[in-house]
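Take a look at the structures below.
In the two complexes below, chain A is the common chain; its partner is chain B in one and chain C in the other.
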Partner chain A sequence: MSSIAFQLLINGLIAGAIYALVASGFSLIYSTNKFIHFAHGAVIAFSAYVLYFLFSILGINFGFSVVLAIIFASLLGYLLDIAVYKQLRKKKTSSVILLIASVGLLILLESLILLLFGADVKTIGFIKGSKGMEFLGAIITPLQIFIIITSIILLAGLFLFMKKTKLGKAMRAVSDNKDVAEIVGISSEKIYSWSFIIGSAIAGIAAILIGLEQNLEPTMGTNLMIKGFAAAIIGGIGSVHGAVLGAFLLGIVENFGIWYLPSGYKDAIAFVLLFIFLLFRPQGILRIKRRAEK
Partner chain B sequence: MIEAYFIHLAILVGIYLILALSLQLALGYTGLINLGHIAFFAIGAYVSALLTLSGIPFIIAILLAGVISALFGFLLSIPTNKLKGDYLALATLAFTFVIYAITLNWASLTRGPLGLPGIPKPSIFGLSFSSNLSFLILILVIVLAVYFLIKRIVYSPFGKVLEATRDNELATRVLGKNTFKIKSIALGASAFFAGIAGSLYAHYITYIDPSSFTIMQLIPILCIVIIGGLASLRGTIIATIILILLPEPLRFIGFPSSVVGPMRQIIYALILLLILIYRPKGFFGKVELE
Partner chain C sequence: MMKKQNKIYLVIGIVVVVLIAAIVIFSNQQSEEEVIKIGAILPLSGSNAVYGQEIQNAIELAREEINSEGGINGKVLKIIYEDDQADPKMGTNSMQKLVNVEKVFVVLGSWASGSVVASAPIAEENQVIVLASAISPLITDAGDYIFRMQPSAIFYTSKSTELLRKEGFSTAAIIYINNEFGVGLKNAFISDFESRGGDIISVEAYEQGASDFRTQLTKIKDKNPEIVFIPGYQDTVDVIKQMKELGIECKILAGPPFESQSSIEKLGNMADGVLYAYHFVAGKNDTKSQQYEQAYLEKYGVPTGGFAPLMYDGTYIIANALKKCGEETSCIKKELYSTEYNGVTGKVTFDENGDPLIPIVIKTVKNGKFVPYNK
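Take a look at the complex of A and B:
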């Protein structure tokens, strides 16, 4: 394998790791709630800005800022669920209305960021000028290695959580069949809230890694959401491991794509993949059962 | 001065009216959860701007803007015809992003993020609409034409078939109607009018760039259609006027424009959420989204 190809593969894995964090939180929420929480991307963006505010403006210790940012993400997700989605669920609204509401929330949060922090690009600047090192002819920074490792540990933890813990099992039960889960005494409302709390906490962790690696922009949430969402659809929506698979696939395809296309089209690759999967294989690579057509 | 401001607002209301009425045709009457309306608006704006910049008369450019948008609407409808509900919403939303990415990246045609400046003000057969007052008259004529056309469509037998498709697609097919074709025509027609609105917007502002066509711009239109009520033309008109004028006082309180922009979006987003929670039928709506 040539060193360019290897570099692209590495870049793809880094992008994939970030997308996987976005997609797994989103997928977790989708799997129990069965609607598309588009504002998930804005939760990530907002948490990244909170980290920027705490660490770069107030000068609070980095570790403490990170913990606060993750707690903030969790609370924000919980709040969105209680204030908006729960109210809509009470009226038994369709998933389309919930989707439109989530697009409204996305715009609301992005506009709030714009109002509070302004439109200019922000940098967290915790790691200054970290030098890349060579690894089999490809350049990778320690931070990028850290991103890949963190995301793998986190995703492994999430799998274990879903498989082994009582709460994880209850989530899978609600995801599988809400009515039956309620019969055996699982409160689906509680599970909905928990999936928002945990899914948004993962969003908070994603926010920190993204905030360290890239600059912050108010609209970054939409871009991340498209990638995370495309990854979830490609892998099979509603399945966390499908989302992770889709995320790495998307990251790699995107980075190899710009070998042939101008780099400006990098983002368009995700849309095109998303579109193709929505149309021809809405159940995703893993063929997750769900009716796209009634 | 104050007159110029009101004329400007009236022109904006006119452009949004065309957009909202045309979305109503797809979303309200046919039940297509189309979140790609801004894409058709963008296609219309770019087609018309590029054509007039290369010397083609406005009247041909605006018609072609509509026709090409309609063509895209029709093309989009073919693969998405079988999709329902949230999947259709997502495919059309993805379409918005694809068109946005193209306007941003096809720099040799659209000049990318630099945008297209110096789009000429319209003139039809030597009659120039360069002053804002004359532009307002042009908009008024077109809005009335669009309103009566859409009204004509929705009250015709074909309009009843559209509503039947929305309410029960299977039953409509049992009655021998080709609902795929019907939905394609509805989306194409809706895109046609959105393209016209895009053309008017481009020639009014005289400058367009990709940032005018993001999903941020979708929120006001969606808000108008849902607040006015699905399948209600009267509701759409009232909602357009109220919603476009509503954030305007912010300017007079003395906020800088960097605050007014996000505040406007926040107001729209909050209204959208409140209406979805408390009155999902809107104020004049006959049907609920499903």
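Take a look at the complex of A and C:
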């Protein structure tokens, strides 16, 4: 019995790590820009396809393809900001309009993928499927361990980045109060762009790991965003390391939930958790202090 | 000056409108005289596009052959394709469009059970003939105008449970896709396997579009079944992959969609030994099948899959009925119920519910090839 529990914990961690990869970049962009960038999912999907194109079709060295895919993700995020969001911000549009624009971009990018790569499911095929390793009675593959470690490093790295670096501090300043930040000489436009560049680079990392673990489909971005978004809310929207914790919580609760409940309820469990947080703890897991300060 | 310019625009405008009107009227006249159009709903995009594409290939092959042999009493057969992505919601939208906008009176497909079950009432209400290629037992009672080329789930499961029990398997677990297709096969399998004295020890579901099946599989592993039945779509491949990752080493019985070249491409030698019940065996020894397989290979560069021949025959059956009845649906319906067509899939007849009678065989994968199973 305990080996099942441990395996479920591992399953939850794997699922949570994947949600965390999506949620952290998304949350980073939200924290400064203050609107919901749904097209983040499509950036992940597109970068995964770029990796597929470079590695599986052109046959470029895997490491080099990975670097190019991450750069591509960064550039795509930056481009979306410059070409669409910045233009809308110039017109002082509300964040609701930006949200709608982001849904539009999500659909546009997914259709582009469909146009360029076709509808059928693709596999990158760098890692051949095989039996995973035994670890205290549970089974996990090396790639999955790597995914979990990456998301934990992301959690720590983003925490340090936001607390210690100049750019991170500037981001937090803009996130707290844009106008005051501008008074002390921080260009909010620059910070918006930087958060898109960094957030989308994280999307690139997510694309590679998710692309190796799962299959590629044009609509994978939407599917990833649904859970990634839920995780970001649970973690406290706008709190980057909160999003990572929220993702792990979501993954673990979901997988333990269907231990006794029928497995068809998996998504229902995720959204019940989301509702519980929205009703009783809308500030998310990590937002205790800040509320008290206010 | 301004006025003169306005006049020029007005003249240009009138000319354009007249031209467009002329083109519309002209093309309409042509289509009414020479074209007979029917609809087709298939999953042409999304993760199940492999099946939709394959079926579309077969329908197009049949259509070209029919048209080159004189069409439907001199009229050209035209097919309007709609994409439902194997999704019931999009299936009903497609059916609405075909019935109300395109005004077709025959619809081929869909391939997805859920899509057929959801869209059949629209067709039935408007007296539009449907010739589907889907498995759910619910389609049997879907309506008088609803026919299908694929046998019902019970024919598949009775064949496979019979074999499993004969070979001494007595405990089974099921992990099924939670839609009409998966539920239909799951229920049929449970009642068949239990009536033959077998034990179902674990039943798990997953949603269409899911990619993580580990927790369901962990629960199944804990029960230690002798066989796992996976009625799924293309996701069957990922279920099998994750089973192997988790070290579940029991016998696997898959659903009919398992037979697709992409299953073997993605699984490699993990596909070896997987069993499934199927309605088609390639390389039969009659000229009609050989001609068809040859033509398909020549036209598309890949060998035919197993869903294609069903609708290849289906297109011919519909064409024959159209030749006799024109566009009168009650006549087409009567014609279909009395069909006796010798096609690629053998002799096709429909029972009083519009279900076909096609023999089912157990197949497996051996050295990367789909072959009939024999001990």
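We adopt the following convention: the second predicted complex is superposed on the first by the 262 of 294 C-alpha atoms of A that agree within 3 Å, B and C clash if a C-alpha of one lies under 4 Å from a C-alpha of the other, contacts with A are read in each partner's own complex, and residues count from 1 in each chain.
Keep this in mind: a residue touches a chain if its C-beta (ideal position, glycine included) is under 8 Å from a C-beta of that chain, and two chains touch if they have at least 3 such contacts.
This is a predicted model, so every value here is computed, not measured.
Q: Which holds for A:119: it touches chain B only (first), chain C only (second), both, or neither?
A: In the superposition, A:119 contacts both chain B and chain C.
Q: Using the superposition on chain A described above, determine whether A:141 touches chain B (first), chain C (second), both, or neither.
A: Touch status of A:141: second partner only.
Q: After superposition on the shared chain, which partner residues are touched by A:188: those of chain B (first), chain C (second), both, or neither?
A: neither
Q: In the overlay, answer first, second, both or neither for which of chain B and chain C A:262 touches.
A: A:262 contacts both chain B and chain C.
Q: Determine, under the contact definition given at the top, whether A:132 touches first (chain B), second (chain C), both, or neither.
A: second
Q: Per the contact definition in the header, classify A:214: touching chain B only (first), chain C only (second), both, or neither.
A: second
Q: Going by the contact rule set out at the top, does A:271 touch chain B (first), chain C (second), both, or neither?
A: first
Q: Residues of chain A touched by chain B versus by chain C: which partner has the larger set?
A: Comparing touch counts on chain A for chain B and chain C gives B.
Q: Touch test for A:150: chain B only (first), chain C only (second), both, or neither?
A: neither
Q: Looking at A:8 after the superposition, I want to know if it touches chain B, chain C, both of them or none. Which is it: first, second, both, neither?
A: Only chain C; A:8 stays clear of chain B.
Q: Mind sorting out which residues of chain A both chain B and chain C touch, each in its own complex?
A: The answer is residues 114, 118-119, 219, 262, 264, 267 of chain A.
Q: Hey, which residues of chain B end up touching chain A in the complex?
A: These residues of chain B touch chain A: 33, 35, 79-80, 82-87, 89-91, 93-95, 97-98, 101-102, 104-105, 107, 112, 214-216, 218-219, 222, 226, 258-259, 261-263, 265-266, 268-270, 272-273, 276-277, 280, 289-290.
Q: What part of chain A is in contact with chain C in the complex they form?
A: Touch list, chain A to chain C: 4, 7-8, 11-12, 14-15, 18, 114, 118-121, 123, 128-132, 139, 141, 214-215, 217-219, 223, 255, 258-259, 262-264, 266-267.
Q: In their complex, what parts of chain C are in touch with chain A?
A: Residue positions touching the partner: 44-47, 49-50, 53, 178, 204-207, 209-212, 214-216, 218-219, 222, 234, 238, 241, 244-247, 262, 266-268, 270.
Q: In the complex of these two chains, what residues of chain A are touching chain B?
A: 35-36, 84, 87-88, 91, 93-97, 99-101, 103-105, 107-108, 110-112, 114-115, 118-119, 219, 222, 226, 229, 233, 262, 264-265, 267-268, 271-272, 274-275, 278-279, 282, 292-294
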